[in-house]
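You will see two complexes here that share subunit A, one where it goes with subunit B and one where it goes with subunit C.
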Partner chain A sequence: MTKIAAKKVRRRLRFRFSFKWFLVYVFMLSLVAFTALPIVYMVSTAFKPIDELFIYPPQFFVRRPTLINFSNLLFALNSSEVPFVRYIFNSVLTASVTVGLTVIVSAMGAFSLVKYKPPGSNIIFMIILGALMFSPHVTQIPTYMVVNSLGIINTYLALIIPKVAVAYNFFLMKQFTEQLPDVLLEAARIDGAGEWYIFWKIVMPSLRPAWATLIVFSFVANWNDYFSPLIFTTSQTMKTLPLALQTIAGGLSIARAGAVGAATLLMTMPTIIIFTIMQAKVMETMVHSGIKA
Partner chain B sequence: MKRYMLSMKARRIRDGYLFVLPWIIGCIFFFAGPILLSIRLSFSKLIKVTGFQMEWLGLDNYMRAFVYDVTFIPMFLEVVKNMFVNTPLIVIFSLFIAMLLNRDIKLRGLFRVVFFLPVLLGAGYVMQQLIGYGVDKESIEVAKGMLLPREMLLYFGPRVSGFIQLFLDRFTIILWKSGVQILLFLSGLQGIPPALYEAARCDSATEWEMFWKITLPMISPVILLNIVYTIIDSFTDFANPIIDFIYQTAFQRTEFEYAAAVGWIYFIFILIILGMTFGLMKRYIYRTGK
Partner chain C sequence: MYDKGSLTEKANAQGGHHMSVQAGADARRYASAKELIRKLGSQKIKRSHVIGYLFLAPFVILFSIFIVIPVFVSFGLSFTRYSMLEPPVWVGLTNFKILLMDDDIFLIALKNTMIFALITGPLGYIMSFMAAWVINQLKFKNGFALAFYAPSITSGIAMSVVWMYFFSGDRYGLINNLLLNLGLIVEPIIWNMSEKTIMPVVMIISVWMSMGTGFLVFLAGLQNVPRELYEAAAIDGIRSRFQELWYITLPLLKPQLLFGAINSIVGSFGVFDVAVSVAGIPSPNYAAHTLVAHLYDFAFIRFQMGYASAVAVCLFLITFILGRVSMKLFSSKDVY
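Here is the complex of A and B:
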């Protein structure tokens, strides 16, 4: 008797439990849908033929997908101005060189400040913490003046050098380097390894999750960076993708919406690809040890 | 001949400086230098861009923002209002999501990636592109059409439908801006020792009590971190009208001095807000190991 009653109660409990979970899933999936909606819309716009772009109210999904927007973007726009491929080349070159340099420079600096602690390292830490709070836009104007006086306006250098010594990257590397055991370095020194050798063969390989995270963040930031190419370059041949996107979108006409969609899709692809490659590592490092209070 | 030998300690210091040198050079040229220049610039009148030729002007640029410029103060108040409304909403919402994700929910990986996706796109111009050229708005329109049929909106009348529209608009902003906060909260939640919950359960505490008495105090440092992050994030945001204003003033009307002054006013305001946040939160922060 009591047994049956207990069973009943338990079943009811389980039912309520799963109903609660059902609600949770519905809620979460609707949030996911809401977040992903603009992206889905952008992708479907990129594949829309011209007559579908003009439908009002706009249709969410594409009915007859075509690749015409992409071929327009890559070939038809060539005749008028700078070939679109040139923008892609500029973006890839500046973003990858910047990311490479910033990873090496930040890792070296963090390694030095954490493991050697030369006099004055505390002051540098303070500067970095302060710099984390600064908006780049406040210093954009004087940076322009500095870049101008160095005489590198309108070169690839102007797009790369100012973005190498970024405080946030340094901070991230510092947090990870602190977890590296000193014993490892001592052992290498006893075996007669030079400091440079230690850095490349021991420190860098053990900090792989750190620089994987850094590569993702830094690449996303540089790839999407709109301000520095706008300010530091003057000729059309030096512009990068975000600016090209604006040029294409210029005029706000609906007919261009397809080309804009295609360009935006091309632009977001690399960040999404890099993120999915590095995803497992980034999530792990962020969740476990990354930036914790 | 006496050979000069560095001691072990001196050599290590030298090596340390060599490793950090590239970063310091970059920092002096492209961070510290520009900061000092920008302070000077905000108090002076620029004569020539190339040689940094400036003329001391005193507080004129600052006066201009508060006294002469009619657009600045209303815009500033609007930005402040938005910040005060959005920051608590973003923090509460991301805590809520993080707590859901912290349970053994299925498809956890998918949820994590999707909620982080806006950070990838939103870090830059693409986000602005999506909003600016109406893609986002259109998609919201379409979504509204799917979620709420037009007749329903008509039935409720303009006030309610306007309210729903406002809610949806703000909701998208919050959703798109809470990626990093969710991750930070997740890391904080995973740092809470499960033994605490077990002990509480033995004392027959409810979930509700456990949330207020265990979860909240234990993640209070992360809450502070997230508030700070959200404020700074809104400061550097693209959609922020003041940032846009600074950019327009500097590079389209080439009034560098005025733009620098506005930038500093805004920055000092943010510093005050952050200081107040720290001051207020200090007594509610629970520190372990004390």
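Here is the complex of A and C:
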């Protein structure tokens, strides 16, 4: 009796080709097609020559793909304004420095909280958990005051420093660090390794899936961040891609329609590519990301 | 009058301090830190604690400056009038009174944000879970996961631009074009300018982008439910997939469900980018005005920091209370 039941379940869990499953696949694939629609349209639009952009009735797919929109975006917009390459540079620089710092700082903190547990760690962790529960917009006013009094408005620092210590990143790192066996560290200590050495040579390499995940999440958050550059920068040369894109898209000028299409593609692809590369590691980390309350 | 007890304590403390300095110098003599600690007896100076604090310091310092202290400062400022040019003036509850009694635009923002959050939050949450649950039973999990997750990591600003090709207000807009061809409308609808359609457009884009971190967390959690549990449950008489979902999967996934819930609450109440990108700021008749937009308007356009802080406090309270509620709801004390 039990054997039969167990077999039944195993069969149920295993993939089977039946009409029911066929319908599930068809349904899911049509959902995928639906969610992918805007992204496909975006890619297609980025390569459309000017006449296809304004054809009536509107066409979904590009017929004669061209790179002219990209060259217009990168070279032709230069004459009047800040070169678009500058915005790309700003975004790449601030996002990558922030990501690097947040990975190191969170990993160090998580390592300490899990393996040293200095007095007060529980309170610190409770506060960090609490900070998961409100949106970062809440603290923007005092943060602005701090940034302002440090005199770093309109600098790259303003777009980096306030975003290094993120509760969410710390939380993920801490959950993953808990899986790290103590034996590993003890062995290194017996061999006479210093704590700093242990952190860099043993802890960091073992946490690779966790920091791969942080790289993805932190890069996505910073690359797409609209609010901080909006309030921390006033000069056009310090703006990042989201603001630049909004500026050129706002003009609604026919001449720019192609460039806007190219810009949306440039703005969107990096996050998707980075996630695709790191997907396996991200899934490995997310297993540990539940909150036990 | 002095207290003898406290004096002795002080002396002890001083002695202890002295001892610890000496002990620090002698540390090399002891074979291991453990022995040193035992020798020091009640003196709790652990070398490992000092190292622990050093490792924690960078995060804790930055976190305090940019998150913890700002929360308290926001609360403090919300009771003041403050323009950044002059020092803050204490005004008590005036800001909150104005917000709730006289500021019609705040009430519109509150209403818009509430409607937005109450629709897109649960919708995105349930869709994320259902999608993860189904995908977990399919082949090509990673491919499906990527397809569903990708919209959430695209830039809200960029995707609003793309969605505006669909919702463009003239005949060139794909949706207008479709509706005109089907004969459902006679004139193109100006989706992002007409009061009635702005919010629905913002919601559609947001729901499309809502299968984010929550979705990934659910999927990862589902992959890790041990199969033996389902087998055991079948023996105990659980028959359908839905019974399995209700009696086994959901209780086991409480930590993941909580994480997803908090994410979705914070995300949906913080709606800003997409709304601004679709309808501008201020939007026509404030139809897409949200709490964050109101905060932004007063803080960084009018520089009324005190009043804007009151808006921030409202936002904080709403998400924090809902966060606590979800913690109660998904409490996993009874699960091990």
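In this text, the second predicted complex is superposed on the first by the 263 of 293 C-alpha atoms of A that agree within 3 Å, B and C clash if a C-alpha of one lies under 4 Å from a C-alpha of the other, contacts with A are read in each partner's own complex, and residues count from 1 in each chain.
We take it that a contact is a pair of C-beta atoms (placed from the backbone, for glycine too) under 8 Å apart; a residue touches a chain by one contact, two chains touch by 3 or more.
From a predicted model like this one, the values you see are computed outputs, not experimental measurements.
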Overlay on subunit A: subunit C relative to subunit B, clash or fit: clash
Touched partner set for A:Ser149, first subunit B, second subunit C, both or neither: first
Touched partner set for A:Leu245, first subunit B, second subunit C, both or neither: both
First, second, both or neither for A:Pro229, with subunit B first and subunit C second: neither
Partner chain in contact with A:Gly258 - subunit B first, subunit C second, else both or neither: neither
First, second, both or neither for A:Gly109, with subunit B first and subunit C second: both
Touching both subunit C and subunit B, counted on subunit A across the two superposed complexes: 24-25, 28, 31-32, 35-36, 38-39, 41-42, 45, 57-58, 60, 105-106, 108-109, 111-113, 115-119, 121, 124, 127, 131-143, 145-146, 148, 161-162, 164-165, 167, 170, 195, 199, 220, 223-224, 226-227, 230-231, 242, 245-246, 249, 260, 264, 267-268, 271-272, 275-276, 279, 283, 286-287, 290-293
Residues of subunit B defined as touching subunit A within the complex: 12-13, 15-20, 22-27, 29-35, 37-38, 41, 49-52, 97, 100, 105-106, 110-121, 123-126, 128-130, 133, 135-136, 138-143, 145-146, 171-172, 175-176, 183-184, 186-188, 190-191, 221-222, 224-225, 232, 235-236, 238, 243, 246-247, 250-251, 256, 259-260, 263-264, 266-267, 270-271, 274
Complex interface listing, subunit A residues touching subunit C: 2, 5-6, 8-10, 12-13, 15, 24-25, 28, 31-32, 35-36, 38-39, 41-42, 45, 54, 56-58, 60, 105-106, 108-109, 111-113, 115-119, 121, 124, 127-128, 130-146, 148, 161-162, 164-165, 167, 170, 195, 199, 217, 220, 223-224, 226-227, 230-231, 241-242, 245-246, 249, 260, 263-264, 267-268, 271-272, 275-276, 279-280, 282-287, 289-293
Residue ranges of subunit C touching subunit A (in the complex, touch as defined): 48-56, 58-60, 62-63, 65-71, 73-74, 77, 84, 131, 134-135, 137-139, 142, 144-151, 153-159, 161-163, 165-166, 171-174, 177, 181, 208, 211, 213, 216-217, 219-221, 223-224, 227, 230-231, 233-235, 241, 253-259, 262, 265-267, 269-270, 272-273, 276-277, 292, 295-296, 299-300, 305, 308-309, 312-313, 315-316, 319-320, 323-324, 327-328, 330-332
For the subunit A and subunit B complex, residues of the former touching the latter: 24-25, 28, 31-32, 34-42, 45, 57-60, 105-106, 108-109, 111-113, 115-119, 121, 124, 127, 131-143, 145-146, 148-149, 161-165, 167, 170, 195, 199, 220-221, 223-227, 230-231, 242, 245-246, 249, 252, 257, 260-261, 264, 267-268, 271-272, 275-276, 279, 283, 286-288, 290-293
